[in-house]
């Protein structure tokens, strides 16, 4: 089958490679000429403009857009100006699901199909395959099945879920048509919300282990310092070895834990990192959806707030608390 | 009536003043000679050793201990070595309620009464009076009623709670016998837990108001920065005036709000503060009690964790999250 | 001065009374005839249609809309169809600040001024006055000053904030022009967010006190029950008396605490309440604003989630946890 | 090698089977005669009293105690009364690490070694092996290496952590000597704290997905109901298929997710569960350790509080909020 790919960053380029390796034909476009040339050498058909890109695709065209969220609308508008009835646009980036709904509606009168496809897998996807969460109308999604099946990991050596009927759907191959327009990115959004929560769970637990020696450190005795509660936290623990041991047989074994164990191998104190953790839109939108639907989500929200907090020296809120304490108790701030 | 006071810091000394102003006799001790002399000039009877202190008290002795939590045990042990059956020790500091239970039990065989008295009021207490939360046996608590009544604020010009029976108990005068040994400090502990929660509620709300202009600031556009959601947060708000207006007629009027309005008067951006917020034992013990009793306390706990967080540049947990993000997505940390 | 009031529910009607008592003229409209008649008897000028209402107002008209958020747009659209250049509409309800921005923009071409006015005070406002947070253009806000000054509490017997310059602005009288369109409701929104946080802080603290007797209750010993940690939580505390004592001299004295003490007077166990706590839009929008502006607000968010949680028997999330525990450990759910 | 096992519940019995299958000799004791007989049939040496149990063990004895936390102390006291210098007791249950420290100290003068061994693996451990986190002195831990190596999963088909030196320690075989007395259970405690956090992250995310159809349900319009924010949450999602698709290629693949996918196979709405989620001591102790060490742990704490919350119809805190709302706004509770 043929697929056009717009956006040849790490994820877009690796998907093209995965597709070509499995016999698909790829037409590729990027504003970065070098990225096009590199894939041309590997067998892709390069295009230098979106118009040329569209002209090189056979009808009905299938164009996968894999660009930063901020320019997705612009690219889709230009791209679809060269498209015809029956063509398909797939947004494989991290769009807000409400943008998907709007775009699908805007393209519908012209008979152009819009598919939103949440894509998880990161830098490991070329090798492992990408988990795909797909939204849109049934017909174009089914039409693209060979493409999705190739980009996705397939069953691989992951054990079958016991009791799951043979041949039921595609989920066990790593891709799923979740529902109408926006449903794919909605599911991907919540996936990322969960990801934040899981990461924070490991992070907090490892932080507690890291502080398990707190009572071996000298502590100031003054009115501004809470006294030690038991005085016996004197464990010096090896976080790398602990992450490693949990990988086998424990309830909390996971791919994120594998990566954590990785991180400690040659950086036992994670000194390469300052601890400023970015957040992208999905985490925020997940909490917005939780609030809209009246669903309590304290764990996912705490994880998001920890990221906000990681990026500021001192929140203004802290200053307000300090100011109140000075007012009612004459408390002066302790220096760092 | 007569009261002995050990510990002439801000709170101890001001209580002595409040007692003397209302006709009580005070015997005072501190390791700081100057503090003794100052109160002697104001009419107190000074003592230079705990033995002398005990000898100057009439039987049954009543000695109020107002020293840092870390040395309370030491002081009480020495003090009670000079005491007799029927004497009363009052711990007015911020002891852990389990220490009160232990001390009361230790002193019981000798017939010495132990009273724990949680004291709220801070630097404003001399003028406003101190709110007293008292634990211990009934007889000694009643014996000390004239002392408690004087230290407490009295009814003042606070409106009567509608429907509250006339002459019921002492709570409307600002002091309360809460229960047996430890009950006073237990109630004070939870009081402080609530205090953390309320402070954080104002602090977070004011922080949101402070950031209500976030969309007027230039924002980087890259994969590590969440895009603005609506782009219209362009309010430049005056937090001092807002704090002031809420003092009258609003649902969130309170004494802590009064102090907050105070803080903004000549420091509109709270630049005097860096935002490092100390926590003392009570907040921690409150959460411990919540967990022991299976009571969900997410608001009080969040307030405590915000204080922990305010004191560290970057938590180790943040580094763990950064390390995972690097592993799965090749994400590099953004610089501050 | 003259003011028209649309919506004669508890708050609208009481504002009319407060205005008339202070010499203002009020034209009133409601779909409920009885509400109009009652205020006519007290001196208001009744109108049976919005057209009649508009015709009875002198130019420039000033019409205060005090209706449920869900119908505000409809009412404003009809009302302004009878209005002229220079007239003023005040939305005194709980609109989303983005609706204010939109409405102000829509009315601007016709020269009609739109003012958003967040109003706090509840059922106590007629007597205490209402705290007013105002958004909109300067000229119409200043024009309405006599109205705002009357509805607001005034300085009353609340102590002056020390150091605050004499005659500075209006905040110390209980009303404040916060900024352009939407600013009033934005500040009111955050006010309510803070209100949720403070309420939850008291609520959690009192819950901990209420459970301070947990170790006096028999506890099952099985693998599904966490063992008691210290076994000594045996205090039976009187929450009504504790709420009362905190009202005087403590750091956490507040109007909400006054109301809490009220509640316990004749319902010591709050048996009149089942504990289903509603939330209105403001709490949700506050968190949305926190997330939009990247401001960590764990306390305010936790308070909102506790309300969500209070309204459901068991969250679906709980079932997911139960299902996992059954899978990995064979744990059966304990019955209630 | 030989091991004695006390406590033949699911975990104890399966460990015995795993040991015998790999050529070790097991002496077994339980108060349940049937449990002994069953293992005798499979080749174990049964004992009917602890004295007999001890007499059947060769010197130095190695006795693994796998009983409910509540009776561990009693069993260890009786068991060690029949033990001699050089013998080893292993507590494989879920003891509080401070109990381990105390026990190790108590047994030290008699030369009896105490080992604490946190064990993860649940009902799947016989097949997968158990992840072991071990605390105690070096010599007896090394002496027991053949036992630990057999109970643990071994390297299995879990991928090697890249860069990890060949032959470094035992962690990659699924068991680890973490540190001195208590260190094993401390690490296991935090493991369980993390487990709660991860479970809650999935659970909340799935709950948001489950409520993604909230705008298709009729909603009451009244002052006690927050209005819908966008009105477009109309997705009907298949949680079983979504759990399944995430198992392949996604960032959040994990063993707990495998189990979740399992749960949905024949119970798409998890109707078998009411949602009452138990918590055992480890989650509580983890938070206690976080607070003791001043480590913010909002995600892990939120997960614990959600479990508390899942078990009560309405918290008292909710009643307090309802009472305040009635007081200030006349709000009546909405019925369920």
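The chains carry the letters A, B, C and D, assigned in the order they are written, with residues numbered from 1 in each.
Quick note on the criterion: contacts are C-beta pairs under 8 Å (C-beta built on N, C-alpha and C of every residue); 3 or more make two chains touch, one makes a residue touch a chain.
For reference, the UniProt names are A, B, C, D = 6-phosphogluconate dehydrogenase.
Just so it is clear, the model here is predicted, and its values are computed rather than measured.
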{"item": "Reference chain B; chain at largest CA-centroid distance", "value": "A"}
{"item": "Between the pairs A-C and A-D, the one where more C-beta pairs touch", "value": "A-D"}
{"item": "Inter-centroid spacing, chain D versus chain C (mean Cα positions, whole Å)", "value": "44"}
{"item": "Rounded Å distance between chain A and chain C, as computed from the means of their C-alpha atoms", "value": "38"}
{"item": "Distance between the centres, which are taken as Cα means, of chain D and chain A, whole angstrom", "value": "29"}
{"item": "Contacts with 2+ other chains: residues of chain C", "value": "122, 200, 202, 204, 207, 211, 226, 229, 251, 256, 262, 284, 288, 291-292, 294-298, 302, 305-306, 309, 311, 315, 317, 328"}
{"item": "For the chain A and chain D complex, residues of the former touching the latter", "value": "98, 101, 120-122, 125, 128-133, 152-159, 161-164, 169-176, 178-180, 182-183, 186-187, 190-191, 193-198, 200-202, 204-205, 207-209, 211-212, 214, 226, 228-230, 232-233, 235-238, 241-242, 244-258, 261-262, 265-266, 286, 289-300, 302-303, 305-306"}
{"item": "Touching residues on chain B, where the partner in the complex is chain A", "value": "10, 68-70, 122-124, 199-200, 202-204, 206-207, 210-211, 221-227, 229, 256, 259-260, 262-263, 267, 270, 272-281, 283-284, 288, 298, 302, 306-307, 309-311, 313-331, 333-336"}
{"item": "Touching residues on chain D, where the partner in the complex is chain B", "value": "251, 284, 287-288, 291-292, 294-298, 301-302, 304-306, 308-309, 311, 315, 317, 328"}
